[in-house]
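Quick one: the structure is below, and I'll ask about it shortly.
So that you can tell them apart, the chains are marked A, B, C and D in the order they are listed, and the count of residues begins at 1 in each.
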Amino acid sequence: MPRRRAGAAIPEMFRTMLEKPSTRAYPYQKVELPARFRGKLDIDPERCTGCQVCAMVCPAGVITMIDIGTRKVGDKELPVKRPVFELSTCIFCGECVDNCAFKALEMTKQFELATPHKEDLTMRKALTK
Amino acid sequence: MTEDKPPRKEESAGLMKYSAENLVPFGPIHPALKEPEYFKLVLEGEKIVEVIPRIGYVHRGLEKAAESRPWVQNMYMFERTCGICSFVHSLTYGQAVEGLTIYEIPRRAKFIRTIIAELERIHSHLLWVGLMGHWAGFETLFMWVWRDREVVLDLVEAISGNRIHKSMNAFCGVRRDMPEGMEDRIVERMKFLVDRANYYKGIVDTEETMLERTEDIGRVSAETAEKLCAVGPMARYVGLRRDIRLNDPYAAYDEVPFDIVTSKEGDVHALLKLRLDEMIVAANMVSYAVKHLPEGPIRIKIPPVIPAGEHSSHSEAPRGEIFYYVKSSGGRTPDRVKSRQPTMANLPTALEILKGQTIADVPVVLTAIDPCFGCMDRMSFLDIESNRQWTWSGEELRRYGINYYFPERMKMR
Amino acid sequence: MINEILQAIIFPGVLFTIAMGFLFDWLDRKTAARMQGRIGPKITGPSGILQPLADFLKLLFKEEIIPSHADRVIFLFAPALYFLAPLLSMLFIPIIGPTPLAGFEFDLLAILFLLAYAAFVVTILSYSSASSFTTIATGRLVLQYVSYEIPLVLAIITAALYSRSLSVEGIVASQSTLWNILVMPFAFGVYIIALMAELEKPPFDIPSAKTEIVAGWLTEFSGRALSFLKLTKEVGYVFGSALAVSLFLGGGLGPEVAAVPPPVLYFVYFMVKLLLVGFLIFVLKTALARIKIGQATELFWKILTPVSLAQIAFVLVLIQGGVLVAT
Amino acid sequence: MSEVLLQQIERLAADAKTKSTQLHKGETMIEIEQSQLKNFITRLVNQIKIRHLSTITGLDLGQNIGIIYHFWRDRNTIHLKTFVPKTKPTTVSIVDIIPGAILYEMEIHDMLGVMFVGNPWMDKKLLLPDNWPDDLPPPLLKNVKPADIRKRLGLEVEKK
């Protein structure tokens, strides 16, 4: 049993004092993000075909498909759908990105998403196309 | 005496034998508890003779929700049962579901699962050691330990892309491979963590004030702990060799050499040292697994329909045994998912330890089991109080509050 | 006359003391942060030096809530009474010269009285807010007070005995050749430990242990009262360290200022010693975990009281034997 | 080791006039009559020394409520399954054999309404809110919809 004494941490305290502090002064000093960081979801409207796979796998119900018109396949009229993202409920799992066969979805490095208006986090980018 | 008063509804029947003066509430909001839980302490003077738990303040109804969601979505939902041991939840749920399929998990995926699970254990244990310092009033230990915890979190972030909810698991594999060229960095960081853990062991062993707070507190006999089905560090600190990694290996635990740590002392001080020792073991396991990572695929894609059947799986989370039971009727959604968290299993032991202690020891003992009440509460249904208040306007809420606390003032208006 | 009033109000009187309180708060936070690997205050002023002032002002403008069960009179006025104690005591400490602002022949007794007075005010203050947390805190406060009071007074008395004076001025003057700490190191140690208990610094932050009883006796206070209570604690910190400097470290005396000290050098010496004593407390406070009230009582009664009694006996033997008599 | 354990379990199951099925490697499912349950668990604990109860699962099986006791030792998991009719959901408590089961039984009582005779805390709620009405069905039954319960309690939050 080692000797009991009060103040066993003092030598280490002085050593720590001489070292560089480990705090990162975040808003003043930007954080370096790792290559795999999963931030805000982004969509490339050019590539999206409206196949609905992302909406099916999303665990948080972020993605809803909206009809934006119809197209003719043979003699049938089929609806054309595009996703709308309710990013305020996104859990950043990246399952939709993994499942997108057309590589239309992507997780950006953007993480400063706080906003006073919830509507700001609704992404309707794909609808405009 | 209070006999002539009608008992309040919540304390009816079973508690009649205790008079109201002997009941001391602990929680739901208490500075020692980071999450809302409620314990009714029945006292005899300063001594506690009976503790009645009342959990369920942060329940979200996960098990019911799981029955209406596809298998894959459930994995992410169960990962969010807990913010600290998130990976091991998805791992166990994944294993339970994988047992129903015919696919074999690739060996590389097993190793990656082991690495992440052990990193998570280091992170969880460091968190607990830091919190123990915080609760004992030793802020410096708290700050240092949490600073070192960043090392693990940064590694996890580099591997999985996120610090807490890793979303690494998929059925029959993992979603992301280990990044290129991380091996040296991980081994070097693990060495650093082993050094730090050894240093902290020295501190908790020699620092007089820390010893005075932790020694001889929270004792329980091995027989009692075994009878009460304690799991994880709570079982090992009284000498039970109960560790699922060793008893029933999953992932790559049968290929990575390690030995579990047990202690005979059975007090909070022993628990502190045991957790630091386990951290060292885990760090060595990570180093070994990274060096011996086999080549091969990391994932097999499986169809979204899981064959009918029932299967269970358990694994060793940082806090103890996590248990999942799944029943499938061959559809896209599970029939039943049962999940049992380690805090739930350790609670009877904690209640047993509390009996006979004084009120001053309640926070220390409850902390010792590393409670994660958020995990335990995954099960129930609706938070009636808060929901009802939610629909009120601010003025209504204020009036309700005044009426609740000062009914006489409301009458005067 | 004007000069004296200005001295009492601005320098080295009330305003200076309060400013020192803020400085000590900042130093405390900054050193503790650096020892724990953090940065500490950073934004307000250079290196965050104005942060304590900003905190004080912010609290000053916050809403004040009075609990319905509280004793309103005591709850509202006792913070002001408490604030007076260290401020008044500070006037007896010689800071810019060997003569304090308001010294008299038995001012050490006045200081002892003010120490007891502060403890008494805190106790009724805590008791007046009448919540379960403050009730526990009151019990702990009183128990802690009766534990540390005896060693603290014994340590102070040791210095007075050896210097054969009951005024701070006299004690400081008697140390021109030999500082008291060299004769009575144990008394100094006991004084520092008892001072930490008085200031409720870890490991003696038992009456305000935040993880056990929220904020202890401060729990029910808010707004103006809270800002002044916090300031009082910091000023008490300055006063306690200043008293240690005067009693054991020779006040502002040092090389070149033995006989007729020029005020500037005296002040510089005093401040350096003051900061050193403050730093000693910062280090101890950062290095230790909180102990339980029973253990604190045991420490003071079973260990520190005998130690300070032995120290007094040792000093008496020195005086009787004619060895090392102070000038 | 594992083989011996398996044989012992099978012998025990044969004694109880029920049969054990191998679910997967190391997992044994034993369906057992309610009346035999306590006897079986006593022997499991005392003779084979399988003392650790992982948890108790309750599940809605339509006509019946299934209660599964999950035990394990080393690489063997044993699921003991009994059935309780929904019309009279009462069974015996095993708290006197395994005291650690107390919270699990309370949980099933809250969630599926099964009464465990012999559990001292059966009159208390563990997870459900204190103001949960007595006439509401237990929430984990299959025919109970979360939306219905919300409506019944008047909690339906109107959407803007």
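As a working rule, a contact is a pair of C-beta atoms (placed from the backbone, for glycine too) under 8 Å apart; a residue touches a chain by one contact, two chains touch by 3 or more.
Just so we're clear, the structure is a prediction, and the values are computed from it rather than from any experiment.
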Chain pair with the most C-beta contacts: B-D
Farthest chain relative to subunit C (centres taken as mean CA coordinates): D
Distance from the mean Cα position of subunit B to that of subunit A, given in whole angstrom: 26
Centroid distance [mean C-alpha coordinates] between subunit C and subunit B, Å: 43
Approximate Å spacing (C-alpha centroids) for the pair subunit C, subunit D: 62
Chain centre separation (subunit A, subunit D; CA means) in Å: 40
Touching two or more other chains - residue numbers and ranges from subunit B: 140-141, 144, 147, 207, 209
Sites on subunit C at which at least two other chains make contact: 35-38, 286-288
Shared-contact residues (touching 2 or more other chains) in subunit A: 6-9, 13, 16, 22
Chain contact topology (line, ring, star, complete or other): other
Touching pairs - complete list by chain label: A-B, A-C, B-C, B-D
Sites on subunit A touched by subunit B in the complex: 1-9, 12-13, 16, 22, 34-38, 56-60, 91-95, 98, 107
Residue numbers on subunit C that touch subunit B, as the complex places them: 32, 35-38, 68, 202-203, 205, 209-214, 286-292, 295
Subunit B-touching residues of subunit D, taken from the complex the two chains share: 23-24, 26-27, 29, 51-55, 57, 59-60, 68, 70, 72-75, 77, 79, 98-104, 107, 110-111, 120-121, 123-132, 139-140, 142, 146, 149-150, 153-155, 157-158
Sites on subunit A touched by subunit C in the complex: 6-10, 13-14, 16-17, 19, 21-23, 25
Residue ranges of subunit B in contact with subunit A within the complex: 69-70, 72-77, 80, 140-141, 144, 147, 150, 154, 157-162, 165, 167, 175-176, 179, 199, 202-203, 205-209, 211
